[in-house]
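In what follows, subunit A forms one complex with subunit B and a second complex with subunit C.
Entry: the complex of A and B
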């Protein structure tokens, strides 16, 4: 023990302790929306377009409508580098500033924040990522993961495979490969995959890719060449995606049998493989392209005025639109919360109620300037924080994504019991998990 | 002027051999403890306690652990991150099997598991030295990290592959899990770190510490003087891993509240190694100073400009932080290659003779 470090620590502490007092006074008449983003680190190629999309839609609401319900949004980014430690730091630094909703944008960070959410009364919106089991609103009142869970995603992929094979029973005796990022995110779908393997009688081969070999993967694809799986499914992120697509092409794996989850479907994931990437399939939750009135507004009010960090040609790319989708969900939840409570400046507890009554019908999507952008969000409720909404399959044609399937609905009957079981398991393992005490609002 | 030993007479050998022979040092230490135990919990906000002080103390403890091995015994190790992981996973398994035993006991006890694993991976240290030993410990790092992801038993077959911290109480007050307040967790971490620093200080000033330093300075000479190399080196590995293990268990249970295996990656090992290099090899104070520079400084750089109202993009702050911290590391290494602890010592010496230059 000695003097200097603590003098230093106390000095820093004094600075940090005093300054928030000055800033919170200003923030009273705005709605604080923190964005945990990552524009640096090994996952930046996926993180940058999402960060831009999330930021730009909210900034557009500020510029075009003066915020939501007449209240300006105070948008603030905190850089996480997809690093759990920094993500938790970010969370600690923003939780005192009355955040309305937290978007962690990393499954690892989400897993850390889930237990804290109920204590700090801040809802977490982990849009189609995070803990699948958090869809059970009874057990996780503060966590929301619409529009679909990873397990829904996997079941939709199998519906697609079933359609191509002429029935899932045709898979009997065949091999399905699963290549995934070695992390909480990549491991999530494995239980359901094994369940499917049992139900339909196919073999599963798992190929895990550790973070440090993301850009290599030669061993994994060598194994793929040996095993010759009938279908390949990928749960990848960041630099893992383009490498996998490239390696698949080099291995001469039939690209139209290679399916990624919605997080493996960026243009930059497929493009580097050149003509070899043609035919690669991924699920998607929303439309691609800049041809929506709302996105025109973003270009006009935000990008055109130099208030965004995005390169204009990248507006409307898949992950950019994913960010926009995420912000639409946040913004609609805030709007809902204003409607329910009658307050203008809402807080985290209000937005939690707003999220529970989230409802974006087809007409509402049109109103938002995003006609047919995504499946209507109609099934989120107090019990179901996910809704299990539909997605569609898209295929890379060498230059852009093309929609190749209709909206596919997940196998809710298979997914829901597993989710219930997983949620119960989570709660029993975490002794002292609080019982839900939050009341339920009527659907608005 | 104030910092002077004039008039302080030592009347016994015990007083002369004290770790802090000067009254001023002892007063300073008490002031620090007072600030740490009373001022910070009372005045600090959650961010300061949870995101700055708690991790700072945990990293300091891990740095002390590595310093015992690398700084005092001269054995270079790149496995400290993995040994932290051993502590964390051991604590997780122990508390799952014996949930009624107090978690603080398990946090400290998990250090013994880490010590055992550390001693096993320390076996090659008798034959290989320097950079070659670093490679051997690198093997430990990769092997253990691999186990944390592949051995599902270690994380109780959780779907996510992550370990989650259940709620545990001490005298009815929750100390782990989301309901534990930042202050409680901070005070527990502080107490463990202070206690273990005191033990470490006694070890390095006593017979064992002298044996380690003899081995560090010249192992053949040490052997000729009758120090048995293998037990000495293995003890260094065991004690060092014990400290890292406790730090790892505290990191997951009292700070994160859950972790994936990636937390204990090679980067963690490097971070701790940098801390002791910058702080000062072979100095307990150095571990604290290094942890402050490597861990706290980036946080200050990241969060202070926005709080002062300087508008910078989050990503730009990140890039600037990288550059500033990198430049500072180079600066300190040029100014004082023996680390911040040495700088502090020079400063103290200057104060003692002030106003005379020597």
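Entry: the complex of A and C
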């Protein structure tokens, strides 16, 4: 053995020994916020703007305010490709780094992480997606899905339809079509849709679109032409959305009777249909556009300094703002956690408490530099991890989204009992599901 | 009884009572079938020359379409961009032969097959790096491809023909005819078949393996470009388009991996079959049959003709 090898070995050993210390030092000085994003793969068209929005808001807090409560945020993206398997791999790779909150950005990934969250003591924030029943805090103390569940979304769509029809009873005998991505996400609202069909006496036609058919859909829209539904509702994602809007226009389906959930309302979903897409409706949870002080700050501190991947012209588009909204929820939960615990550097367990006491009033939205950006988040609590907040209807005018309704509140009286039944059912089917042992904070 | 009625009678009653919808379904199936045939053709060309299933054909479709749009976005006129894209596809074919295939001559087919996985992942990563993951709109107007539709009143209803679909069917037919003639009537076509039979034997009679591989990969690249333009014009161009390559698998099983006419006939059977299946029988099983119905058709054919409709029957001495 020569001296060179010995020196090399000692150096390697030293590096290996020092590295964990360095990592720990970083972890202690910052709050780790991992983002499960997808900038690649078949769903990248939807994933990219959300990833940019999520990242840029948190990065802006770092640049403008020095993080949250004086502690820098350690933002790290993990690419999932909207693939459940890769998403779980991402989770496994980051769970040891003291993540404060996990944003899976996929219903499929969320469903896989739900049983892990309670074990690893890491809260999951599935903002307006994931398992609707996880709104029941008693059964799912580590899962949060504000501001509204998919079932709330469907009930809001039906409130809108009821308003246009002159009452939901007018749907009796008519047909409502439901076109959906064949996935956990797409199938999520079907139980409530079938319940509504019973309650209001209409027929349901389901049009399933498999991943391979996203860019074709000719058979589905031919069936729509045959069935002539009075209303069409869409639960689409990725390349499915623009193709569906295009096919609807080609089929001469009346676009003002075609309503998408909030995940089917990107500008890039409606734009490719050209003038034919005019009139297409979707729910939305927040404002569109860059005319908010917080977004000006993002442009000034992040985009303008080349610290974002976004094309400046896309700042303020619908899904970009969705990402911003998601990060506002994460950031406010972290801020709450700091307030409740008195700690500067919080962990997952603290942020879970922060999420249970989430409260973003109208005044707080203004303080955040996002006046009237979204409905006040005032109903998340220990028992209710969703809050069932309002959304509004927007319509494509050929070039941009236009708000065409006031805030629509969900039919909580119909949704909540079904959610409770679904939560009980989930727990029953998953033998050994842990009973909630986490205490509720006073504020919740 | 009700189920039997729904399977064996109701669809035919529907066909009789709404014949315009039947014609529309057949038309949609034919257009879809022609486009599947185009994708399958890319696979067939490379399989004939190397006995390898080119896993990268799907991503080549995306890469070619994105290159065209990307070049045009740089201010290059559409037809110049088209010519440059063709040059890029040639460069890709040359690079694949030089960097990937040449070092693997005489290796087992599975090695070459795995190499096409490598090409796929390289093109995905390179494509996303250069073009990003955002969806792009195909430059249909700039390429003088038609827009809109013809609504023809017939059979007590109407049949709507999208002009882009008509153009796609015509262009796909021309492409298939030209390639068929090129590969069956020319010296290169015969050389190609010789290479497919045995690399060593082909080399021994003076056929340049390198040249043949560059030609077929280039031809597959051209087919990918046309497929990308047509599919892109029908929806948009994103990496999701790569998935449609999977639709070519049942077409290949049905038509045979080595037959150009097989790819066309197989494409049409699959296209029409899956659309009829989804439209008339799909509701019985909750819809979404078009993702698997094609494979069922292909499996049924396989039971009777394992080599496919036009595939070469392999007789081996034992």
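One rule holds for everything that comes next: the second predicted complex is superposed on the first by the 419 of 444 C-alpha atoms of A that agree within 3 Å, B and C clash if a C-alpha of one lies under 4 Å from a C-alpha of the other, contacts with A are read in each partner's own complex, and residues count from 1 in each chain.
What we mean here is this: a contact is a pair of C-beta atoms (placed from the backbone, for glycine too) under 8 Å apart; a residue touches a chain by one contact, two chains touch by 3 or more.
This is a predicted model, so every value here is computed, not measured.
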Partner chain in contact with A:369 - subunit B first, subunit C second, else both or neither: neither
Which superposed partner A:209 touches (first subunit B, second subunit C, both, neither): second
First, second, both or neither for A:163, with subunit B first and subunit C second: neither
Partner chain(s) touched by A:40 [first = subunit B, second = subunit C, both, neither]: both
Partner chain in contact with A:219 - subunit B first, subunit C second, else both or neither: second
Subunit A residues touched - subunit C or subunit B, whichever exceeds: B
Which superposed partner A:77 touches (first subunit B, second subunit C, both, neither): first
Partner chain(s) touched by A:398 [first = subunit B, second = subunit C, both, neither]: neither
Touching partner for A:69 - first (subunit B), second (subunit C), both, neither: neither
Overlap of subunit C and subunit B interfaces on subunit A (superposed complexes): 39-40, 182, 208, 210-212
Subunit B partner contacts - residues on subunit A that touch it in the complex: 1-6, 8-10, 12-13, 15-17, 19-20, 23, 37, 39-40, 76-79, 81, 84-85, 88-89, 92-93, 95-96, 107-108, 111-112, 115-116, 118-119, 131-133, 182-184, 187-188, 190-191, 208, 210-212, 309, 422, 425-426, 429-433
Contact set on subunit B toward subunit A in their complex: 28-29, 31-33, 35-36, 39-40, 43-48, 50-53, 55-56, 60, 99, 149, 156, 158-162, 164-167, 174, 177-179, 194, 197, 256-260, 262-263, 265-266, 285, 288-289, 291-292, 296, 299-300, 302-304, 306-309, 313-315, 317-319, 340, 344
Subunit C residues within the subunit A interface of the complex: 14, 18, 21, 24-25, 28, 31-32, 124, 128, 132-135, 137, 149, 160, 162, 231, 234-236, 238-244, 246-247, 274-275, 278-279, 282-283, 286-288, 290-291
Contact footprint of subunit C on subunit A as seen in their complex: 39-45, 47-48, 182, 205-216, 218-220, 222-223, 225-226, 238-239, 242-243, 246, 250-252, 268, 271-272
